[in-house]
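Common to both upcoming complexes is chain A, partnered first by chain B, then by chain C.
Here is the complex of A and B:
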């Protein structure tokens, strides 16, 4: 009999959490370093409602949402230009690919210099990190469209806008969404990391402050929320991608 | 190649003009030429190479630990298949997370010295290595395993003559991805809590408003990281040249898609999507 994956995964997670819980309660694991999972999860839930974690979560989600919109608009636009004008693509795509491989997160002091320790700096940094994958996948998705599709659009005398809406968009959507999904992971890294490192409002700052206050249950509660938030966002965009692919 | 050079000249020229024309404050955007002068000066200083050595040490040790743990995990899941079925979704989600959230825990366990940075390198490298290696080992065609067994191959021969050659390409691509994220993890940790290393040096420059020096150092880090990534990519292509020849003959193409600099092959696409810096 084949056991469903969801069941196996749930058993694994519960087993691991139970081992840690027992280990901490029995003081095999130092409780100063590791909070019992029940406390961390309970703290995350109560923090959501009393505002100590709910507020930072809203800020982080807001920044993530703005970044996703900016990365989509700017990245898809730039990717389209690189595809539309071949010379531009040949000139700039290798550099964009180079940026994709470079540790862009280390640039975070630059937005801090420009915008100060504000949400704008977080958004700027995370958007810059998300742009290379969105640009590259957009160009790739458009370049992979079979030439017959473009010929059909020309035969029907579609305008550029109509061709984009009825031919290019639907054909490019699956690969383009892969880029957006990749962009979202980079946005999450950028947002949380800059909040943590520069102590700008959001879940990242909460983790940093709780650590400095040696409030380990607080640290783990915030980490639980980051994990849960990231899982929900990634699952949502994954589902959207699946719908588009269908 | 000429188009790339022209693009570089346009970007560098635009940067220089924007800075010289005071479109942005020199504190925000120093001229490109000043950054290059600072870069050359810093490359001639012993301190820069000492900081690079400290970072490199943490990266190499962290990467080695993360790789060993990742490969061990992959090998275990090959023996216990249910473990892979259960842990794959968890690994994917954990690999998507910003690893910096684990840094406070590492600081508590490994102190504020270099070992917490080694830990960041190990945690960062573990996920891409474990996922790619496990996937590669699980995707070794059963027909190859059955053929080897029918020829009398034991466990050791299966490992050396079937698993290793079949999984080498994806595993090496996972190592490349692991190295890239280990570099980022270590340098990022150094910008947070450290007393040496390139990340620490960049923050020293930032705190003391030596913005030109900071840009130069970041430029150095970028070029070094990109060069290492490209070098490892070439090494992988060389080491897996026979696999690529076979794939091409069979009509498949397991190489990188254009523009996707990390990882390799269709089955790694998911890992590239999820693995973070």
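Here is the complex of A and C:
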């Protein structure tokens, strides 16, 4: 009998959480640093309804969503240009790869100075962090398309838009969407980090305040919502990939 | 082939030896001295950096058999977080609420002595910003270091004054210490920030920033201990002599500084690599005295706690028994007794 993957994953996660729960309750794990998972999950649920976490979650999701749209439009566009114009790609790809490896989070004071302590600064910083992987993976995804595919498109006299929709898009999708998933990861890191470091509204600020008040259940409740939000957005990207490949 | 095996074995042995070697020696490399990491919010603060570097330069720590390494933070609860992370055993210049808040969650920290008594936070604004008094802060964004810090309490007092005058309160933003406040004010991120004498006084002197408050702006806090010295409970139990030695050297440094202004400022400037001239650094003596820097008594903790409750840093007030259990003034009492 084949056990469903979802069931196995769920059992593993619950088992790990149970070990942490017992460890914290038994004080084998210091409760000053780790909250019992039941408190964290319960706090996340109650926080959503009493507004203490619901408001910050909406702000963080809004910033993340805007970043994802910007990173997709700008990153995929730039990646396409680097592929379409080979000289441009050869000239700039090493630079983009260098930026990908750089700790761009250290640039966060610059958007603060330009945009003030606002959501715009958070969005600017997180978008900049997400662009390198999206650009690189887009270029690689297009470069990896077999030339025969392009010849077939030419034989059928497809317009550039049709070729993009029916040939380039589906062929590039697996690698391109890997780039988008990586971009989303960098966006979440950027959004939460800037909110945390600069105390700008959102779940990052909530985590910072609770951490400095040593309210670990509060910290982990917010982290639970960050994880849940990330899972929802990753699932949405997966659905979008399926649509593009159809 | 054999030579290669010998070389591989040698590399492995050397690597293992390097990994097992102690990363720090007793007394930070000074034989006979016990090493002690001390958490200091900002080495440019008169009430924390100055006594530390004077005690180092004048040999007060050495006399007590300890070698101090300074660990810098951005103040407030970050001091306590650094202690809990094991970065230092003793912290200075920390808002008492941050320590008490951690203790309520089982941190096991002890308040050892008062660091500064009497509110000394000074709010400033950029020249030409149109802000010339605290009344102009109504409805504006003002910086403080972190939740539960003395700067947040001071801002709360400013807001009480604004509300008493029928004005809208200012909105607080946790920015960090005076250097971060200065950057935020200069770049227009916030309308006003905070400092404490003589930090940023070069900029006050050259007119680029203007002070909006003075130490007389908070009469209700004249005898309230706004920052304390604290230690890790386990460290205090295991190393009482080091704790005693630290507090003795700390007080000796203040006594020396009050008697030898110029030398103390030179020690501080050199030790902390400060850019301000000694004359500017010395203006701190206009703000602090043996009374404000006393180790005991620790006054007004109940007031600190009620402020923390109103600011949302503490969920409920603390009983006298709780306050007593989070405090250990026996070491400071011995210093005060001479």
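We take it that the second predicted complex is superposed on the first by the 196 of 246 C-alpha atoms of A that agree within 3 Å, B and C clash if a C-alpha of one lies under 4 Å from a C-alpha of the other, contacts with A are read in each partner's own complex, and residues count from 1 in each chain.
In this text, a contact is a pair of C-beta atoms (placed from the backbone, for glycine too) under 8 Å apart; a residue touches a chain by one contact, two chains touch by 3 or more.
Only a predicted model underlies this, so the values are computations on that prediction, with no experimental measurement involved.
In the superposition on chain A, A:199 makes contact with chain C only, while chain B stays out of contact range.
Of the two partner chains, chain C is the only one touched by A:209; chain B is not. Looking at the shared chain after the overlay, A:11 reaches chain B, while chain C stays out of its contact range.
Shared-chain residue A:113: touches chain B and chain C both. Residue contacts after overlaying the shared chain place A:21 against neither chain B nor chain C. In the overlay built on the shared chain, the residue A:39 is in contact with neither chain B nor chain C.
Shared-chain residue A:96: touches chain B; no touch with chain C.
When both complexes are overlaid on chain A, the residue A:140 reaches chain B alone and has no touch with chain C.
Of the two partners chain B and chain C, more chain A residues are in touch with B.
Shared interface residues of chain A, touching chain B in one complex and chain C in the other, are 32-33, 109, 112-113, 208, 211, 216.
In the complex of the two chains, the chain C residues touching chain A come out as 76-78, 80-81, 84, 98, 101-102, 104-107, 141, 146-148, 173-175, 183-184, 187-190, 313-314. Note for the complex: chain B touches chain A at residues 3-4, 6-8, 11, 24, 27-28, 82-83, 85-90, 93-94, 96-98, 100-105, 107-109, 180, 183-184, 187-188, 191-192, 199, 202-203, 206, 211, 214-215, 218, 221-222, 225-226, 229-230, 257-262, 269, 272-277. Contact residues on chain A toward chain C in their complex (touch as defined above): 31-33, 109, 112-113, 116-117, 199, 208-209, 211-216. Residues of chain A that touch chain B in their complex: 3, 5, 8-9, 11-13, 32-34, 87, 90-98, 100-110, 112-114, 136-137, 139-140, 178, 181-182, 185-186, 188-189, 192-193, 196-197, 204, 207-208, 210-211, 216, 219, 222-223, 226-227, 230-231, 234.
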